[in-house]
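Residue numbering begins at 1 within each chain, and the chains themselves are lettered A, B, C and D in the order written.
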């Protein structure tokens, strides 16, 4: 219990951060078929924009402005880059974003330097909100929870209750049909791409100061975003949500399991001191997402909630 | 029937054509490989050539998947690495064996061990990976690469921990009188295996399986209705790609005499993707060009500018956007026109494109260099030919904006006239 | 009773609640040329997909020379000697015409997944390829990339790939769709020639082609066969006339003239 | 005039690129200068260059001017060997490297083979930061000299410090799951066992290298275990994220690190880490020292305003190199290597000795604490590192048994 309750809370918060990061990619991927390799780079851009904005104003401005800026950059990338490559197929698009991730990394290094920047949690939120089994619980984590849930509600409202949402939903499940409804497809794509990037940027704003804002943050986050999208399934924001929370929980809960392979498979004669036997479940926790990625693609290629294989 | 036999004879390329298209390039390759040492290369040149040889085989093996099989992999270095580790362990076995199989196994043939190791790894990992093509395949390869890279660091007894596994190539029997000590002798080893690898992979494209691999890339559904299981085709091709990657790993094992778990990671996997794509995945020779260029860039360009990664990224993006055929595509477009005698018609446009690109490139380089020097701080500035370029200097902006704009205007006008012609 | 090349019993296929094929029984004798006609959306292509293995039947059986093949993987069915073409050209676009046909030939010649032989040195494969190209009149275009062929030639290539493997049961899905009159005539000649002595099942909209080619005709309407018989029997069938109203019914007569 | 100067500079740069002048004594620094580890390689190169400039200003070594050339190895062992070849072709016979034991291992192996295969043309390796203990034990080599304490010596120093901290009753060890992290954990366990058997090791955890984004679950486990102190060999993002998570979750004990002082960490950890994060180093810029050393530090930070004086050992290495060359009266690696063996040098923070038996430098170590009350901050912050007398571990105390069986060439 002592580790279970905090783990649960941590898992949910981490999961929500993941969802914020990957919901945009799910939108982009489902509608445009582009598995955007550079998605985590927009997360990084969000954090750096926020850092720059907080230098001259404060965190609350950054919370609103930085995602918008990240979104504008994303829309620009779609309009002047991705759209040109579209004719050459999905592999070309994937490669384009692969190169873009490279490029954004290098540009960030030039503009903001190659070391971590001093992007801090705002003072108003820098206190302990409660204690849980001996460890402090920082208020900022609860704030993250709050922002993530607000985003979730806003997204849900946008998709279910507005006209634009209906078009996007239609486009999610039947990407080829939107053009027939008389909508300007390139513009919808650009908007969705921009919005997806803005969501990643938002994750950057609130994740960048909690974690560290440095040029390798995109590379660290990159693969895990794919895992969420693939495990969640094509065209399903619900799936992405479930996958995010699931990954968050699995990873944090696994950390609290100290059981080693030697103890589990001892009956097979595996020694606890051998190389394999001494590996504990906890030490493997960060690899769980990749294991899940491979297993899901092999066993259930449409993902948990996807409506079609991709 | 005689009629058909005769027509069939007409269909196939003539002996002369076959010679020109299939034998001559390999003769030329062999001659080039043999001539290089006569120019008296320096140690650096030899080292670089050896790395190029390894990367040529590695990039070609990658293109068996991407170019010929339509399979985008983000984890090809896994097979390079596993083949290499197999070879390094074999090298140690040769060094310590008193008698028996290993004592008689010459180091010169280590790449065969790498080949077998890569094939085995491909056979095991390919089984779950090849069930799907397209994006799922790419994602599985990514996931597996992450898992193997993590395992590489965890299992010290196989991968030697961070320091990796080292070997000594100057043990065992000598073959062809090569002690393999100095890099100039290693060159002959690399040249031999590069030739074998290139020839082997070219031959593969000529086999029924090689052809089926292309057919499966173009249209996996149709392949099922001519009696083939596309999964099986992909799986077999995957094993071969892994095997040739392992071959290059075996070459690397002898060349470097060390293998570290870093070799399994996503970084070399990404690099080989860049090599193949920048070179041109639609042509057999493309990855060779890409491997040569990128090896040079990686080892030499970093002497001139620390922004070489940025240039690499820019080059890659430009290829993806404007020249999907890669360098080989550009080159073949040129020679095709030359052969068709249409050079006169297109040369003007090409010259224009070349000038436009060069101008845009010039401006971009100034921008990048000024920015990099600025970001390094401590008062460093970009000072080519005695110019003192900073962001505050109006001349800087002139040098950046004018060529870039001029270049883009030229390229756009050319693009427009081309469209006009087609319309 | 002579052996049936193809025999469908109680075959059904549903997609969710939609029953596309609702109990088809059909026997096709070896060497017969059988046409399946019916209005758009009757389920003709679905029927082909069920026979050739692209879809798994919901219920019922598909027998090829008495052997159950329902639900088998397409490549296994193909190896048993059943080959099909597609309504939309389904060729290997980036390869030459000759390579396209050669791919179709390879498996039947026993070169399966071989990786130890140079394809250019396989004399009998090259001969067979040339023979097929000759028979479909594409030999002059053999070294062109398939994607550069004109539409009618792509359709022809589609048929060439289909017959290349030497299957004795051939399913052609609207082979002449989109062709001009003269092209259609050529295609019919070619089909007749190429399927000599084989069992042919053809889905076709052009009644001229149907009545010219077929020994027997089945009419598929809403996933059910409402009539099977010789061309003249089918034409006179009131149920068929009912299904084909108006212009299309005139088409039935047109076939006579052709 | 300015134009002339710039032109001269450009020409000089072109010369450097084309091929350095023949009569300088070249030291090739093979480290990352691009990519994610670029900054640390860059910082080290600047300190090498500065140390060389200082010596050149006083007339160089045995009349020869020192030239430091950087070779970008992208922290890749294989690429390092390519760069090594380039350095050898340019005439460098002294190789310096520090980032990554994998690279050091590859270089040691390659240099030892080069020396064996090219007698009379030996190359020497100045290792300033690769800390795998095996380099001065099982894999020791005559031409390899290490100027940093190895991982085991650092742990010996850390546990020496813990020995006197009576309020530490339990310790949690956490590290990266690879050879280095495992080695740190193993020596922590055995050293504590020997020096403070009463201390309970309440956790010994490994996590994959560079894969963890949120360390909070780990930290909560640590807090739940009731540990009084935490020991970690983590570096890079793994170190920073661990520290940040530990402090925001209210871990109150000391966090003993190997790499707390590395570049970029201070900014990333921030003020909240003050007083808790400790790093085991061979010196920091706030130690009591001679006026000359203070002037030296200031000169460095004036020359490179974006960098801090950090790699004290690089300057030690350079000075000892000079002493050895002068003692030998030669700059050939073989002579310098023999002269370096057992060499003693009075460094600004105490006497240091190059062990003859395994070529490991013995130097006083300091358990420095991150502090906001400093004379010299780091990375433009008012924060920096301090150490009191009680935090000093004498050079002799860090000496460990060696398994090295040094093979020396004939003189």
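The rule is simple: a residue touches a chain if its C-beta (ideal position, glycine included) is under 8 Å from a C-beta of that chain, and two chains touch if they have at least 3 such contacts.
Note that the coordinates shown come from a computational prediction; the quantities given were computed from them, not determined experimentally.
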Chains in simultaneous contact with subunit A and subunit D: B
Chain nearest the global centroid, as defined over all protein CA atoms shown: B
Farthest chain (mean CA position) relative to subunit C: D
Centroid spacing, where centroids are CA-atom means, of subunit A and subunit C in whole angstrom: 49
Where subunit C and subunit D are represented by their mean Cα positions, the distance between them in whole Å: 75
Geometric centre distance via CA averages, subunit C-subunit B, whole Å: 43
Centroid distance [mean C-alpha coordinates] between subunit D and subunit B, Å: 36
Subunit D residues counted as touching two or more neighbouring chains: 38, 177, 208, 211
Shared-contact residues (touching 2 or more other chains) in subunit B: 150, 154, 156, 307, 309
Shared-contact residues (touching 2 or more other chains) in subunit A: 287
Overall pattern in which the protein chains touch one another (line/ring/star/complete/other): other
Interchain contacts, given as pairs of chains that touch: A-B, A-D, B-C, B-D
Sites on subunit B touched by subunit C in the complex: 3-5, 7-8, 11-13, 18, 203-204, 206-212, 214-215, 217-219, 221-229, 232-233, 236, 240
Interfacial residue positions of subunit D with respect to subunit B in the complex: 2-4, 6-7, 9-10, 13, 17, 33-35, 38, 71-72, 74, 76-79, 81-83, 85-86, 88-89, 100-102, 105-106, 109-110, 113, 117, 132, 134, 177-180, 182, 208-209, 211, 304-307
Residue numbers on subunit A that touch subunit B, as the complex places them: 35, 81, 84-85, 88, 90-92, 94-96, 98-100, 102-103, 105-107, 109-111, 113, 223, 226-227, 230, 275-276, 279, 287, 290-291, 293-294, 297-298, 301, 309-310
Contacting residues of subunit D [partner subunit A, same complex]: 36, 38-39, 42, 177, 205-208, 210-214, 216-221, 223-224, 226, 237, 240-241, 244, 248-251, 263-265, 267-268, 270, 379, 381
Of all residues in subunit A, those that touch subunit D in their complex: 2-3, 6-7, 10-11, 14, 114-118, 120, 128, 131, 133-138, 140-141, 211-212, 214-216, 219-221, 224, 251-252, 255-256, 280, 282-287
